[in-house]
Amino acid sequence: MAKEEVIVQKVLEKAPYAEGKVKRERRIEFKVPADRIREFLMIMKENNFESMMQITVVDWLKDGEFELVYQLWSYTYAVHAFVKTRIPRDLDKARMPTVKDIYPVAETYERDAHDFYGVYFEGNEKMEMPWILDDAEQGLFPHRKDFDWLGYTKRKYKILDRFDEDKDNYVI
Amino acid sequence: MLEIALRAFLILIYATFVGFMFMGIIRIVTARIHRRVGPPIYQPILDTIKLLSKKSNITHGLIYDFGIIYALGATILALMFIPLGNISILRAYGDLILITFLLEIPMLGIMFAAMSSGNPWAGLGAQRALLTLLAIQVPLGFAIIALAQFYGTFSTYEIVMAQQAGGWSIFHLPLFLAAIAYDIVLQAMFGKEPFDIMIAPGEISLGPMVEFGGKHMGMLQIQHAIALFAETLFFANIFLGGGSILVLLIKQVAVLMIAIFIGAIFPRFTIDQAAKFYWKWPTIIAALGAILASL
Amino acid sequence: MVDWRLFEPLFNYARKKSLWIVAFCTGCGGIEMPPLMTSRYDLERFGMMPNPAPRMADLFLITGYVTPKTLKRIIITYELQPDPKYVLAHGSCPLNGGIYWDSYNAIKHLDRYIPVDVAIAGCMPRPEAVMDGIKKIMEMIENGTADGWKRYKENYEWYKKNQDELFGEGWREKEARRWIPWLKKK
Amino acid sequence: MIMGMKIKVAPEEEVKKRPSFIKPWMSLKYLFKKPVTIKIPYEPTQIAENYRGFHTLNWKTCIGCNMCGQICPARAIEMTWIEGEKRPHPKVDYGRCTFCQFCVDVCPTNALGFVSNYMLTTVWKDEELELFDWVPLPEEKVKKFTDYRHPLAKIEKLEDGKVRYVLRDGETVEFKILGYGLKPPKLQQKKEEKKA
Amino acid sequence: MVSQSELVKEARENGMELLPLDKDTYELFFGPQHMATENFSIILKMDGHRVVKAIANPGFLHRGFEKLAEFRPWYTNIALLLRICVPEPDVPEAIYSMAVDELMGWEVPERAQWIRTVVLEMARVSSYLFWTMGLGFKLGVYTAGQWAAAYRERLMALFEELTGARVYHIYTIPGGVRRDIPSDKWLRQLKDTVEYIKDKLKDFDNVLFENYITHRRMEGIGVMDKKFALDEGVTGPNLRATGVAADVRKLDPYLFYPELDFEIPVLKEGDALARALVRRFELEQDLYILEQLLEMGPPSGAYKVQDPRLKALPRFKVPAGEAYAHVEATMGDFGAYVVSDGGSKPYRVQIRGPSIAHGIRVLEQLLVGARIADVPVILMSLGNCPPDIDR
């Protein structure tokens, strides 16, 4: 049996609420309900997934959900794990518990996710602190799919796009 | 009276010009070690003209203006006391301690001005300059004591005369040690690595100089040129045997070259390391020189 | 008194031959600055060198795109420089937004906020192209036609209006205050 | 540490260096060696043959398909209707162009090409900045300038949409711009009339 | 501008909690207009020459790449995403292309893989030389910095010959590379350059890496231990300097790396000097890898995938799914997470720049207690690259 399958089985024994599968060599994937993510990441850390690589937010506008992908890397097994969870994308409901105490570096990624997508991580005291975005964009969460990015740019910089007339003909 | 004034003016012109050439030489030789062409030798003069021709001039009050005049004045005064062949005017009164003191004063003047500007970088730089000043005192003092002990006088002119008779100072072991210590101190006075801690462009963005612009900086450039000339001249006089203007010039360039070489190949110390370094090696060397001289 | 205007040609020559650059890489083009300043292209041949202190600098190189956050610092740094001062814009981005024409966080027409003297095409411009731009600005300084700083003084109201429109009124004070509470809290 | 994998680790003594006071002096040997600097205004530089510079356009083979406009990541290309040409031609804005030359890659008839000329420096004035926005000329007109500069000296805007490109050797190209976009300007006019 | 003292006064009046009054501290805005930070800002609370607290202030280079990539066709994103890492733009190109290759299920031809490996290694060498320049400038050994920048130009010329541009190569594309190797002459030139730089490495050792003062300046500052580094997600040379033998090229092999023989340097100290020496050794190893690749010679075959879907580039579609690809860049582990919904544009692209891990939290913690003179050195020894934090 490949080492990836062994790892998945080992983790799933401890966390029966999760779904897990092997994507390909050195890539494994878990789907976890949002409220048990802290528990699950603790198990992952015990199972030699030492480093968190990033937290990706994917905005599924059609489903009305954010997909949070916690990406972990194990130096012991040389395996990359995606831990996926889904939360509603409404501003007031998009809340998650922080995992800062498990993986300290998550603090930075959580600030990043909050700045661009408006996911609020409870327990992270740097959440409100200014991050990459400047004052003007703060609170607009510009990377959300429903953000009118071109219109906002045009208003902000007072530019007129010369392709506006027949936009359908252009792919961009 | 008029003749003395004229001579003082001539010395000043000569020192400024040669000082600017020295600055140019520093830049060219450094550039050659870097494997590049470098600027023309008269580049510092152009820089100074440009700085003096700036249209707007920012000042931060009286002390700010005064500090620069203070620095320039002290340097010019020091220059007048150092023997320069047979055209110098105050050489008979030139005392080792007096000249050393006058050569250090400009740093204080720049610090006054920098501190009054209120820029935190300038403040940091001024702190560093003070500490450097403190650090170089000990080896400098020992080097001067060694000289005075060896020749039995504090007068620069008499030391030069004595060297004409008894050979250059650095050919005597105790004074050779003193010369080494003094040369390391000179590195800090020139503001070259590893002791350019005070201006450190990559760390504190030029330190005290950060707020100077336009005419103030132009004046500082002139001051730097004269100081460069005076410091090398002093070294050439007390350790390398003095001589006529031309001979002195060659010796000055030799002193300058050593400073450039050290500056090009060593990184910068931090201020605490520099202080420790100065209180250790140069101090030991200079003290050894002083002890040997007094034997 | 001396009529300093007589010396203006000399001054212009000195200004042309001794352009000190503000050490501020504002965008991608900053990566071509080290080769320019160092042994291979060696701008010091023309008496140019990067200067860490804006008070001493003459030439401001806008090396590529400019974000509003950087533009605030650019404006403050530009205003710190003593007159006469010159601005050289690298590449497409300051001119028309470049590849970031639709980005919410990149300036589209730099000339609305600070006066620019010379523009160079390229993404990013080669060192040779930058040198060509510098040659151009040198010619302009000698003729006395590099008058961006004069324009900034004369049309200060207009520039200020554009800046305030983008950043909001009182942005200078606000930016300085922004970080202080965070330093206080812990 | 890693399971079932052998990683070749360099011996520590090879990685570590011993500090020295003497060795730095060795670098002074370059004082008397020839500088590596290229003295640019006096020395010609070597540019790669395929350096991605300004565009060229063969007006005869361009079919106006707008593939270039679609692939352009910066939307720097605008189709331009020129009097006397049956199909629109791309107009490139160097205020946006990133010189990626994807447009050249996708051109189905190889009408669009590029040369290694890359230098375009102008004073920031509206009339001079016109140079940044041009309909590329055929290759032979651009390639005759071998000093890597932009071929145009200036772009003059004459009355009723006429444009005159003055090349740096005095040659002029004059044409009339009818309109922009994919649809012919006459159709556009008709549509507007209909709407009215 | 309001002065800092005024702000402090105002804060006091508004009843804000002030700095501990027993200590005379002040704030220092380190950057962005500063020689050491490029385009990054650190706000330092200082007590004399010591840093009491540091707060990183990123965002000066933010252009919203991840948003812009969602509005450009799959192919043209190459021209956009490479701007994330300016010193080695080939890395974002390569990871994005590898991720798209995986989504498409393409088997990239051997020749293309070989060229990609060569390009990545050249980028590593040039990036390390650039880093050497930075370290030299920050320490005050301008000589080493000037040489490094000059020797890097040789690689730039080779890149120009191969790809048609000096810095933004736009060369590695999904499915292969854009152009073939120009000629055998280019390979010979590359070989000469590798030998030349290898020869000059001794000079760098002499003046920078074996210099007594460099060692004094860098040892014992910015110390990380193994657990701290792993918790903070530090990767690349910074992690190896703490004693972890980790390298993506070995752990998650890609391209030609499984067939190459190279060593990875590991030191236990975890201070600035260890990080510098690890980088110095890797530069040597990269040159050795290039030598091996040249000895191997380019495999014959196509340099690009032959696929009918590539005919209509602007409307090129990628099947739905997601892929993650990462490579070992000089700063650390550089990864791209690409999500496709089957359309002609990516649904989501996330680039994981290594600096986001070691440039914010780690930096803030390492700077506490450092002297002001150590700040640029720690910053440089970490290899902080602001654009990949800001994206």
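Things to note:
Letters are used for the chains, namely A, B, C, D and E, taken in the order the chains are written, and counting of residues starts over at 1 for each.
Following the convention adopted for this analysis, a residue touches a chain if its C-beta (ideal position, glycine included) is under 8 Å from a C-beta of that chain, and two chains touch if they have at least 3 such contacts.
Since this is a predicted model, take the numbers as computed values, not measurements.
Steps from chain B to chain C, taking the shortest chain of touch contacts, total 1. Interface comparison, D-E versus A-E: the higher number of contacting C-beta pairs is recorded for D-E. Ranked by distance of CA centroids from chain D, the top chain is B.
Relative to the C-alpha centre of chain E, the farthest chain centre belongs to B. Computed centre separation for the pair chain A/chain B is 60 angstrom, with centres defined by C-alpha atoms. Note on chain placement: the centre of chain B and the centre of chain E lie 42 Å apart, centres being C-alpha means. Each chain gets one centre point, the mean of its Cα atoms, and the points for chain C and chain E are 27 Å apart. Rounded to a whole number, the gap between the C-alpha centres of chain C and chain D is 24 angstrom. Residues of chain D found to touch two or more other chains are 1-2, 5, 24, 27, 35-37, 39, 70, 72-75, 98-99. Multi-chain contact residues of chain E (touching two or more other chains): 34-35, 57, 59, 62, 64, 67, 71-73, 79-80, 143, 146-147, 150, 168, 207, 211, 214, 216, 244, 246, 251, 314.
Residue positions 38-40, 42, 45, 52, 67, 69, 97, 99, 101-105, 123, 126, 179, 182 of chain C are each in touch with at least two other chains. Chain C meets chain E in the complex at residues 22-28, 30-32, 34-35, 37-40, 50, 52, 54, 65, 67, 69-70, 73, 76-77, 99-100, 102-106, 123-124, 126, 172-173, 176-177, 179-186. Touching chain A in their complex are the following residues of chain C: 67-69, 97, 101-105, 107-109, 165-168, 174, 178-179, 182. Across the complex, chain D is touched by residues 39-42, 45, 89, 92, 95-99, 101-102, 111, 115-123, 125-126, 128-129, 131-133, 135-136, 140, 145, 148 of chain C. Within the complex formed with chain B, the residues of chain C that make contact are 7, 10-11, 13-15, 17-18, 20, 38-40, 42, 44-47, 51-53, 55-56, 58, 81-84.
Only residues 26-27, 50-54, 56, 58-59, 69, 71, 73, 75, 78, 80, 82, 103-105, 107-109, 112, 116, 130-134, 142-143, 145, 149, 171-172 of chain A touch chain E when the two sit together in their complex.
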